[in-house]
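This report concerns only the one structure given below.
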Amino acid sequence: MTLGEIAQLVNGRLRGPADVLISGPVSSGSKNEGGIAFAETAEYLAKAEDSGAAALLLPLDIESASKPFIQVENPRAAFMVLLKHAERPLPLAPGIHPTAVVHPSAEVHPSARVGPYAVIEVGARIGEDCRIYPFAYIGEDCELADDCVVFPHAVLYQNVSLGRGTIIHAGAVLGADGFGYVWDGEKRIKVPQIGSVVLGENCEVGALTAIDRGTVDATEIGDGTKLDNLVQVAHNVRIGKHGAVAAQVGLAGSATLGDRVMMAGQSGVGDHVTIVSDVAVAARGAAIQDITEPGEYIGTPARPSAEGKRSMLLFFKLPELFARLRKLERRLGE
Amino acid sequence: MTLGEIAQLVNGRLRGPADVLISGPVSSGSKNEGGIAFAETAEYLAKAEDSGAAALLLPLDIESASKPFIQVENPRAAFMVLLKHAERPLPLAPGIHPTAVVHPSAEVHPSARVGPYAVIEVGARIGEDCRIYPFAYIGEDCELADDCVVFPHAVLYQNVSLGRGTIIHAGAVLGADGFGYVWDGEKRIKVPQIGSVVLGENCEVGALTAIDRGTVDATEIGDGTKLDNLVQVAHNVRIGKHGAVAAQVGLAGSATLGDRVMMAGQSGVGDHVTIVSDVAVAARGAAIQDITEPGEYIGTPARPSAEGKRSMLLFFKLPELFARLRKLERRLGE
Amino acid sequence: MTLGEIAQLVNGRLRGPADVLISGPVSSGSKNEGGIAFAETAEYLAKAEDSGAAALLLPLDIESASKPFIQVENPRAAFMVLLKHAERPLPLAPGIHPTAVVHPSAEVHPSARVGPYAVIEVGARIGEDCRIYPFAYIGEDCELADDCVVFPHAVLYQNVSLGRGTIIHAGAVLGADGFGYVWDGEKRIKVPQIGSVVLGENCEVGALTAIDRGTVDATEIGDGTKLDNLVQVAHNVRIGKHGAVAAQVGLAGSATLGDRVMMAGQSGVGDHVTIVSDVAVAARGAAIQDITEPGEYIGTPARPSAEGKRSMLLFFKLPELFARLRKLERRLGE
């Protein structure tokens, strides 16, 4: 695209030659030449001017730059428009690839695409415009609403249902047996896991994330909730709407999270623990007791952020603390 | 099934109409209508009476309820019987699917089932009644005893052997190279990993769990030991019998665990650390030194539970502690 | 091989019968009989003499042993030679397996091997002697330099490039979307992720490790850097050369690691955190602020090792500390 075409696309004011060819959006620190970056402040402008970018997206109050630029109300939003424009789905031909194994009882909408070596089992239903990539396994009685995407190698066991527009990344496993055993005095007896997994609309499940099916009911994830990579969601977990669960988080059996809960990287929630809506748990935080008030939490066990941070800082003052205590003891010993 | 048929199945005393149709087992908190839940105490009875369940499994000493019920000696055990009855394996047709790639030198028992697009390599042996799901990769010289189940997308490299009745969940990887390198002053030189992986009978390996092969000997997991999802078992690890390793646990190279060791979620064991039998490590605990006495351990590094918990509680009193110390210092300064 | 042939292979001095048949290299603690182990010290010699090994590799200064042995300058290095000799790649027939789906626009070097059910997408390029195992998915425009190995079930989305000799283990996922969303007041809007993943030469990526593609630029991993299993590498991360990242480590978005950085098991780096070259972070350590000096770090947040260890030791003395403080308070209260 030319810079002029980009100015039109983002509905901005062009300050430079319209015919410069732009390779695509780049970061403000990129060494790649020929792209367009955005900057919202003078500080980022300086960084972007030093970068390989050929042109910039700037706010209305920045009037000059050492590179051609486009002025817009919201450079970040305009950049998102460019990203969206540059995005290109993984290739997938229309129709059902001849090597896909689709059970005769499965219903695949004619507009859906099914890639090579996908397997769609007994009674599964695939909605409009779904994209099922190579090696995906869609198990018995799974239901995919319209516009779902299942990336290569994702596995859905039985009775997994995905709401409209939900995306499952490569290697994710939904519906495996929960970790349930009864100790009989000598060995563990497996508790059969016969429940399901239900994801709402517009969810996203990261690569290599595991969501076990419920023991008898469903493991549930609400509309708009996003899970990152390598997350563990144990059986009977319930997550509300619009949550965000970062990479390597572990949610133990029957944990219940309200709406808009944010779990930062490597954090965890203990089994049967309930967390109300609008809670954020910091990286590595471990909620092992119920959290009943919205807010930010940190530490193991997770505490309100201000309190937890104070203790974490003082932790590294323990040597000083012991020294001071010893001094007092000596003085009093005198 | 009708309630009367269920009463017969669990050998219980029917207290209500025999002809009520029951959809299946449900949890005592389920909103789904028409199922049967169990309750062992008055507290759970109240919860189950409020639920959507159409009928209940109750102990002999509870004589009345607001819903039809069945009295049994052990409601939990009776519920297990219902779960077992309702369980249904992932579908898999008898025989070897025509798209499976089975090397001529591999031996597959005629009663075993091999799904579409499974690959069974040179010299592998698959025992009676094994179930090999789509996209499973059974590498060279692997040996599966009878009744093993390998779910979709599991990967067994070379020389992996599974004892009778062992289950491998989707996406698990057994037998990848251990993380072994020698630093030559400039770069890491890979130490060839030529060992094997040996699992005992009735083991279960969760989805997306990795068990590396030994450097020269075997990485070993004893009979009846269960691993949850996303667990890391490094090369040369040895785990005894009837252990339980929860999700996202990491066992570093050459760690050795005795029998019946329980590792809770996100806990870890350091390299070359030995843990005796009958130890339980709490969630997030990190055993970085040998544990020589049975019991419960907690924290990083893992300590006996009582001791560790006391320190964890006091951790959040550090601000108070510093304040009290300062007060003393001031008084003495006067 | 016979012991005599082994002595020739490692260029050592045979002290025992040349015609003993040796099954292969074994550990010095192995119960398996018939192999050859190495020992560098008297202590390990004693252990190896007690093992099932039929012969030993010993240093020049050990002159006698209870088993046949070979004297060499460096027993460990000689053992590496034996490992290398005993190593055998996962089987993979020459050429492209007829079930592999290779897009007509992809370029596969005639010397490369492509296994059953591999998928190679639009515009991908596969270099000399590459080994692409069953079920591997090589996405659009990926570039594999010579001698790369992609194990079963690994997934490369679009625009992933691998330097010469790089190895990707089973189930690893490279190039999935980074975890990027913008909160619009009601829900999360996905930020399109259009960047790439670039790995240098001689990298190794463990089983079930996830490396997300950059938002607009590349997620980069330098020459010779090794990642273990179940590692999370978020979008826009940059790792330098010859690093080592152990299992279950999480590197958050835009984290930047210098050369030769070692991250021990279950450790982490926060988003946008920069770590200079020659830093080692201990197991479970969490670098949530920049690390500007080479050295060893430990704890959460990560501190220089000596300081962090002192605090960790004192942590378990907190009960004692409180008791001593209380005693002082009482005395002063008198």
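We call the chains A, B and C, going by the order they appear; numbering starts again at 1 in every chain.
As a convention for this text, a residue touches a chain if its C-beta (ideal position, glycine included) is under 8 Å from a C-beta of that chain, and two chains touch if they have at least 3 such contacts.
Small disclaimer: the values here were computed from a predicted structure and weren't measured.
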Relative orientation of copies chain B and chain C, as a Cα rotation angle in degrees, nearest 5: 120
Equivalent interface positions on chain A and chain B, same or different at half: different
Interchain centroid distance [CA atoms averaged], chain A/chain B, Å: 25
Multi-chain contact sites of chain C, meaning residues that touch two or more partners: 99, 117, 135, 153, 171, 208, 230, 248, 266, 315, 321, 325, 328, 332
Of chain C, residues touching chain A in the complex: 99, 101, 117, 119, 121-122, 135, 137, 139-140, 153, 155, 157-158, 171, 173, 176-177, 179, 181-182, 186-192, 194, 208, 210, 212, 214-217, 230, 232, 234, 236, 248, 250, 252, 266, 268, 270, 286, 288, 299-301, 303, 307-308, 310-311, 314-315, 317, 321, 324-325, 328, 331-332
Partner chain C, residues of chain A touching it in the complex: 24-27, 29-30, 32, 35, 80, 83-84, 86-88, 90-91, 99, 115-117, 133-135, 151-153, 169-171, 202, 204, 206-208, 224, 226, 228-230, 242, 244, 246-248, 265-266, 283-284, 312, 315-319, 321-322, 325, 328-329, 332
